[in-house]
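Here the chain labels run A, B, C, D, E and F in written order, and each chain numbers its own residues starting at 1.
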Amino acid sequence: MAQQEQRIGRYALLLALSEENDPIVMDQKNVKSCVGKVGTMDSQKIVAAIETAAKSNGLINGNVYREVHALYHAILEAIQGVTRGHLQLSGILRTVGLRFAVVRGAPYRNKEEGDWIAVALYGTIGAPIKGSEHESAGLGINHI
Amino acid sequence: MAQQEQRIGRYALLLALSEENDPIVMDQKNVKSCVGKVGTMDSQKIVAAIETAAKSNGLINGNVYREVHALYHAILEAIQGVTRGHLQLSGILRTVGLRFAVVRGAPYRNKEEGDWIAVALYGTIGAPIKGSEHESAGLGINHI
Amino acid sequence: MAQQEQRIGRYALLLALSEENDPIVMDQKNVKSCVGKVGTMDSQKIVAAIETAAKSNGLINGNVYREVHALYHAILEAIQGVTRGHLQLSGILRTVGLRFAVVRGAPYRNKEEGDWIAVALYGTIGAPIKGSEHESAGLGINHI
Amino acid sequence: MAQQEQRIGRYALLLALSEENDPIVMDQKNVKSCVGKVGTMDSQKIVAAIETAAKSNGLINGNVYREVHALYHAILEAIQGVTRGHLQLSGILRTVGLRFAVVRGAPYRNKEEGDWIAVALYGTIGAPIKGSEHESAGLGINHI
Amino acid sequence: MAQQEQRIGRYALLLALSEENDPIVMDQKNVKSCVGKVGTMDSQKIVAAIETAAKSNGLINGNVYREVHALYHAILEAIQGVTRGHLQLSGILRTVGLRFAVVRGAPYRNKEEGDWIAVALYGTIGAPIKGSEHESAGLGINHI
Amino acid sequence: MAQQEQRIGRYALLLALSEENDPIVMDQKNVKSCVGKVGTMDSQKIVAAIETAAKSNGLINGNVYREVHALYHAILEAIQGVTRGHLQLSGILRTVGLRFAVVRGAPYRNKEEGDWIAVALYGTIGAPIKGSEHESAGLGINHI
């Protein structure tokens, strides 16, 4: 069945992990991508920040619900990696500082598989006190 | 409070994402690390494979329960990123093929913070049919 | 945005709730659907039974992973309604007897929204003793 | 053991699925029932709307905690079918528009089994943008 | 509303915590109770052991499903305290050694509140290696 | 491996269960402990109350993140016993009145195992109406 040609999840993770003062060399063709940052105690704001970035960068068509729906579930899956079991942030007195990346591409060799979307998150999670935090990451993938 | 000097989680993720035919250039000092692979429908085997690798590579002392306990919770957190909500694999007819990395280091500038351990997972999850799978990843961090 | 014209989830639920000796009158055009039954203590078998029925009735193309993936997540969502919090059946000493329905159609007026799939489950859950059970239901929806 | 004579869950689901312009023909004797609607981003309001309706329609005695407790857990189970894995609505930027039905009856032939209560939910869940939503449903059952 | 006169949950916990060589002095009237032990990697066996003890000690009538159902949900709630987030034991390579207590009584002053049941668990959870374990506990309460 | 000499979890539970008008006789040496109370519909406040008590009573060093992190995860585990499946309180219209105890000690005979921390919770959970509540408890344990 579907053989993978491109790893959009891996590329999204590397984008999220890359930084100006510690860049990761990557070369990925034929994908659309965007990156951004969000720091919040409110998981709603993570969803909103990623949706806004993906729409304004043309990764999804915000007027087509199936694209919004595909991205939404990919975001939720990525947040679960960050929060590990419960989605709450402020509700259990924790905050996140995350870099996110969204990648849209056609990862499978068989062209019928169409486009898929990857959402990667990397940053810190911890108490709302500077430094009382450790790293965290998540990855969500969906067909779009 | 605790400022981070080293990002053991980021390093573990990069180790898990690196591959012979697509290596990621990394430079990380003063940490212990190991990598391995596990393909299974049984999440128990993911736990066992990582624990065995971490013990045999000297990342944890298998005779001290607090080290085993620290690693165990880091593994569970990483698996939650891969499984996103429910730990079951075969129980809901899915299988994983994962590359894992374990990193032990002292990520905080303040030496009282001591050692921490990071477990990163990257690979595929999907139906037990070749190609019916997509990427997945997880990261767990704990003090040790 | 996307206005709904057809409610494939409602139709799937009614198909799952309908029975020979207590039929529900329904009229739904332009959808593909199938129904079936599964009784098991193993949630893996619910997934397999629905996937098999959907493929053999031509609701999804089993050779295209994006269709399998769409159905898979819809099934998982429906099972969560039945199990309410934890997916385990035998693991916590319970069993199900379910009637399932799968419906594929284009629920939104805007044709760009394309096809969506609904999985409905209705039946009983309880102890593995005849009669020690109560009703249960679930619904999963996904774009395909 | 307890053979079922009445299916209060099925009846509750049909009440929740029935609508003025698409009524479902049902005939159920010897049960008490009520229906209502709730649209909200706050899951607390779903609980409150159903509890209020059940009390004011005489389905439960609001002065007896065991009745309130029985209904409460049935509501939570139904909400889990709607939210599939996490109870948050606004917390993950989603909203619901639900029709609910509560049914109280004696579903088992053995009169010692006494009264049970069913809570059914049916409607839509999605982004807080008109049309960016799909169907959702849930069913909770408890002894009372 | 319902004022509590008896704390069956506290009594159940004390029974589970009491031991021959470190007994806890308790005095509780007008309740039925039983205690037992279960050591397993299979959460199904915890359920079975407690159900069997409660039936054979006359705490519930095993022929009446509403009593079985009430106990079952109390057991699940107690197990969640022990497993903290996921019910799996062997599935994530862990095992438990538990002492359990079941108490049935009428905790509320208002006699209409009737009987309630408490299930308490106390013991150890950990790796399947002697000593690689720490304490764990849980409490479930239900109306019956 | 690690044999237990002291049961800090049991001691924490007994402290949480003890009350002025119904004291439990206990004798525990070589541990640090504190107790307190918190009544709230906001799980964040449970975390904050316990962290504040543990810091101000010298059970943890609030300036060392590894100690804060160890306590935080123990608190979350204990809250899971109280909330059984979902952390929300006000979000699903419920409130708690809890007595908490924190105990720090060296439970294992092998001194390399070092210090561990136990968090116990006991009290009531229920609707925000006096008396519409039942007992609840939780225990979390972590190496520190």
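Going forward, a contact is a pair of C-beta atoms (placed from the backbone, for glycine too) under 8 Å apart; a residue touches a chain by one contact, two chains touch by 3 or more.
This structure is a prediction, so every number in the text was calculated from the model and none was measured.
Peer 1: Farthest chain from chain B, going by mean C-alpha coordinates, please.
Peer 2: D
Peer 1: Name the pair in B-C, C-E or C-D that forms the same interface as A-B; by residue number, over half of the contact pairs must coincide.
Peer 2: Copy of the A-B interface among the listed pairs: C-D.
Peer 1: Greatest Cα-centroid separation from chain E: which chain?
Peer 2: Result for max centroid distance from chain E is chain A.
Peer 1: Between chain A and chain F, tell me the centre distance in angstrom, where each centre is the average of that chain's C-alpha atoms.
Peer 2: Whole-Å distance between the two chain centres: 35.
Peer 1: So how far apart, in whole Å, are chain D and chain E when each is placed at the average of its C-alpha atoms?
Peer 2: 29
Peer 1: Could you list which residues of chain B touch at least two other chains?
Peer 2: Residues 1-2, 65, 69, 85-86, 88, 91, 108, 116, 131-132, 134.
Peer 1: For the complex, give me every residue of chain D touching chain E.
Peer 2: Against chain E, chain D makes touches at 1-2, 63-66, 69-70, 73, 108, 110, 112-114, 116, 142-143.
Peer 1: Touching chain A in the complex: which residues of chain D?
Peer 2: By the definition above, chain D touches chain A via 86, 88, 90-93, 126-127, 131-134.
Peer 1: Mind pulling up the chain C residues that touch chain D in the complex?
Peer 2: Answer in residue numbers: 1-4, 7-10, 13-14, 17, 24-25, 77, 80-82, 84-85, 107-108, 116, 118, 120, 122, 124, 129-132, 134-141.
Peer 1: Along chain E, where are the residues that touch chain C in the complex?
Peer 2: 42-44, 47-48, 51, 65, 68-69, 72, 76, 79, 86-88, 91
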